[in-house]
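What follows is a pair of complexes built around chain A, which joins chain B in one and chain C in the other.
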Partner chain A sequence: MSVSGQPGAGVRGAYAPWSVPGGTGTVLVLATLPMLAGTLLPWVLLRPNRLAPGDSLRLPPALVGAGLLLAALPLLTARLFPRLTGLAASLAVVAGFWALGTQTQAAVAGQAPFARASAASGVWLFWLGAGIATYGAGLLTRSRPERWLAWAWGPPVAALFLSGHLNAWSVLIEGRSEGPRWVQELGQHLRLVGEGLGLALLIGVPLAVWASGRERAAGTVLGAANAVQTLPSLALLGLLIAPLSALANAFPALRALGISGIGVAPALTALTLYALLPILRNGVVALRGVPSGTLDAARGMGMTPAQLFWRVRLPLALPVWLSGVRQAAVLLVGVAAVAALIGAGGLGTYIFKGLQSAATDLILLGAVPAALLALGLDAALRGLERLLGRHFGRGP
Partner chain B sequence: MIELQHLERRYGDAYAVRDLNLKFPEGELTALLGPSGCGKTTTLRMINRLTEPSAGRVLLGGRDTRDLRPEELRRGLGYVIQQIGLFPHLTVAQNVATVPELLGWDRRRTARRVDDLLELVGLDPAVYRAKKPGELSGGQAQRVGVARALAADPPVLLMDEPFGALDPLARDRLQDAFKDIQQRLRKTVVLVTHDIDEALRLGDRIALMHAGTLAQFGTPDDLIHRPASPFVRHFLGEDAVLRQLAGRAAAEFVRPGDPAGLPRIADTLDARSALGVMLREGSDALAVLREGVPLGVLRWDDLRVREAQARKAQA
Partner chain C sequence: MTSVPASRRPSRVPWGVIVWPALLAFCLLPGVLPRLVQPLTAGERLTFEPPLWQLTLTHLGLVLLATGVVLLIGVPLAVVVTRPGREALRHLTETLVGLGQTVPTFAVLALAVPALGFGWAPTLLGLIVYGLVPVVSNGVAGLLSVEGHLLDAARGMGMSPWQRLQRVELPLALPVLLAGVRTSTVYNVGTATIGAALGAGGLGAPIINGLSQQNPGLVLVGAVLAALLALSLDALLGLVVSSPLSPAE
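This part shows the complex of A and B:
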């Protein structure tokens, strides 16, 4: 609204044709409100130990003033120096982390070692607003060199974590006490996702190629994969316990290989089955979507079936197919979290442990990295898709 | 060059092509003409074995095509289809280079060949080489399709309604361009079409098909003046002569004479339009000018095809 009405007030000349995508102003206003509210709400929750109820602590007046200023900063910058909006939003993100650090440190100072200072509603709201602001800044500076400023918060936030400034934050205290085990669970999570995806690709890719040429087979294969997908992940895990433990009992050799009703074997089976549908569906659709005229011309020019596949069908199908692989990967990060319930390990372990003992910090220790993992995988594979799409002349 | 012997293709109990015997003369363009569904595409695809015959055989230079590997056979037969079928993920140059690449030509030779061919079909290589098919108009894409089919210099060109997807103007232009190319290259061309005008205009010979069988094979004049059956006469229509005239320039019929006082036309006008001018002006002779300079006289008698044929026979 206000921003889009007054594009680039301060930077006429070089930026005269500055175009503000419609709605960016609204995004930035939407970013301001949670930041304002967050500044005024409790910032830290101090509890004598990790399970006891505690007291809400607010920001000191000086920081409230600074917070209010920071809340308005992205919107103001967008009006005056639109190029620097990303910097203002990043500043707000970093300030949120910094203030959390100082406030938690101040809160636990002089308390017993079991005391926990966790982030209260104010911090979360402030981060939400700052996050929206970086998103808005990204929109505003899209396709300009300054768009990287919307990510400028990364290094300082990493520095805050590494320097120990946030060490008094309850989540990190839990993390420290978990330490190597947490790294292990993260590794286990990645391994579950990687192996599930790998197996699904191993089965799904040839199956999709085979089924894409056969009407009936394609229908059957897709139907089966679809049926699996409609089962809730918990139900699927439960259903796999009985047959797998029966198998393990019947063939002790299998048990020696680590196959049993609970643990990694059923989890991996379930993950593979889940990943299969997007890989199969997109594969079949993409391979069948190759124009028949193109195939006809290729065959008519004397390509062998292998050449036809590698030179024409695969390159043309790849962008759509890869987006199926991406969906599968993101899906698996979530399903792998549930697999902790049957003893497969992974970040889900913390989520369920935290839920059982009502320890929010433990939940966060599992949930936040899992969410970041999903987002990171999504972004990385999207990038790959775009790259391939451009290479094969289908992309933007 | 290409000979079809008792060629047959059944789908279930139905014949798409039935006992077809035909010789496509070397270096000539034969139009495979006929109504929709009469088996033209099936016939064409049996030549490069995209469709396998149910019975009969195809001889290529005296050799049964079944003795060759299908891929090998196809690399020696240029193939252009109606949907053009360019590879959307490859550039124009890469599209044209497909068969040379399959044949293992070296890079330099392929690149030179690609440029030559783009020029041949009237596309500036510097402009079009790096474009993707999605950036081309229908006419440009079809030119690339023709260039691609010619890439490895195959002696035979199979074309399935290559100009069918174009608007009339682009089609005319591309037909002219192709006629030019063919006059230079003298390939053995089999051109499938259901467009009578196209067949009369481009075909040295016409093979007219009807329900999977051959109705008549001959020159355009043969079909027009000596139709083998009522079907042939009916299919070509009573105005076939006019259609044929439409495909020829008025200049072809010019003879020396005194142009004084006659209505004037340009030599680029087609013969049917010249006839129209005669009817409109009530004159049985026209002065034909080339860039304003009198070239000679076009007479009503000369347009009467029997005369034209007689002259052709003398020449």
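This part shows the complex of A and C:
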């Protein structure tokens, strides 16, 4: 197992005695640079209250030295002990959170209770670099048991959050003061996404099955799906207000059901319409994409139309169709954030409140969970796709 | 008289090129849109300060500037990461592009505010980040789809790597790349409306004002103009690109 002369690695500066994608060294260099810059830049922004301008504080010299060392560590480890690169990268991630905790605590110690210590540019750059380092470590140890080391930062970071080490960070102070209301808005966000997706599935699945068998209908559905996507989501939300408020005025019974121009009803209508497009498009494309030879063979085996659908067409169409459902779900997390503008609630409430009062922490309190929610939903639905794919014997 | 048969190309493309910009120009004539939405505003005549054509130009400027920067960054990036021996960089780029596609646009725009303040700058950054997604992913896909034997033939003819890129790879990847540019530009017309919440102006301003004042007429003015702008740009870019908007996955 010698590094030199191994044709599989094929690249100059091959790091590990196993096959590694070319350019992994460059990825780790790309990870080091933001971490070095982040260590030298301001780390904490201390403001007398949550809106006032503040002072930038840098890391103390000892921590700057440690930070520079940690920044270079993944690259060095990749050269010397490639198996442990994930550990080095995870160490950098944890150190970033730990240093943010100590520095914010030190900054607000002895200040008035309104003082806020937030993360400055250095922290974000350091996190960016550390994140790329874990990614590079994952590539370096891909298809090896050590790849799990690139996720080793998870438990310590969770412990730092749970132990209250980061409680002096301004975003968590805002979060604590919002407390139960934040949980409520998160629940509202999830409910909007879930109900929008559910309604879209209820309408879209039968419609896609119906349209996939008809040439003209399929063309119309695909055309309409593409046309509505050019319409900005903000515009669609706005346009639904007029007809729905007119409807509520004309039929007071509907108003009793909670339908009005502002609030959840127009938001839910817009979310359903938006989710309908990828579900319909991918459904029609997937169902029409089943090879006619396969269908003929199934018919020749004496399958009834119902058997043909459940046993042949649906399983074959499912992967592409499910990826449409996933696109719809991810899209809805974003549209639901904008829906806060028409009073539907959700995490977007915090983003708009933060934008109106120029309060960065409120923006972060809305935008970061919304982004994580989208990423988590994407990962979960990808997992479900793989699971179902394996169930139908089409796993990757 | 031309001898080219009239029915060779579908007539949809030229129609869109004429109809949508014409409708947009008609709506921008002074007084046309306010009169059209008068029934929705309880008889009140809307006035716009700055005028609507100026809002439209701001919007168009934001989108085109973002597209320009996206091309300057995205095309070299796609070329760099598709060179042999840089698979890891390509994986990183694809992961980051996937992140850009998954993270909500509004969150990206809002997160740019703490770094850049209010106004044009965070909106432009958000538009660039979001616009890079289709351009880079289509550019990478296009360059990767160039078949190996064509590159071998080019190498056999004595072409340098630069000549191969310039004369073989880029021309072959161009249709897919341009389709990405079209998608990016059209979607950014929609994304830029959200920029009004960050103080960037543009056609989102009447929409957001209308929503907060509960004035559907105002919302309709912004929404109609933004939709017409998106359809016009889509049709005009369709002259260069022959494939339809947003190729299905």
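Just so it is clear, the second predicted complex is superposed on the first by the 373 of 396 C-alpha atoms of A that agree within 3 Å, B and C clash if a C-alpha of one lies under 4 Å from a C-alpha of the other, contacts with A are read in each partner's own complex, and residues count from 1 in each chain.
In this section, contacts are C-beta pairs under 8 Å (C-beta built on N, C-alpha and C of every residue); 3 or more make two chains touch, one makes a residue touch a chain.
Computed from a prediction, not measured in an experiment: that's the story for all the values here.
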| item | value |
| --- | --- |
| Touched partner set for A:I241, first chain B, second chain C, both or neither | second |
| Partner chain in contact with A:I351 - chain B first, chain C second, else both or neither | second |
| Chain B versus chain C as contact partner of A:A337, first or second or both or neither | second |
| Contacts of A:L76 with chain B and chain C, given as first, second, both or neither | neither |
| Contacts of A:L190 with chain B and chain C, given as first, second, both or neither | neither |
| First, second, both or neither for A:A298, with chain B first and chain C second | first |
| First, second, both or neither for A:I363, with chain B first and chain C second | second |
| Most chain A residues touched (candidates chain B, chain C) | C |
| Of all residues in chain B, those that touch chain A in their complex | 48, 50, 70-75, 77, 79, 81-90, 98-99, 102, 132-134, 145, 148, 158 |
| Complex contact set, residues of chain A against chain B | 291-304, 307, 312, 315-316, 392-394 |
| In the complex with chain A, residue positions of chain C that touch it | 40, 84-92, 95, 99, 101-108, 110-111, 113-115, 118, 186, 189-191, 193-194, 197-198, 204, 207-208, 210-212, 214, 216, 219-220, 222-223, 226-227, 230-231, 234, 244-246, 248-249 |
| Complex contacts: residues of chain A adjacent to chain C | 10-11, 20-24, 26-27, 30, 121, 132, 135-136, 139, 226, 229-239, 241-242, 245, 261-262, 281-282, 285, 320, 323-324, 327, 330, 333-334, 337-338, 341-342, 348, 351-352, 354-355, 358, 360, 363-364, 366-368, 370-371, 374-375, 378 |
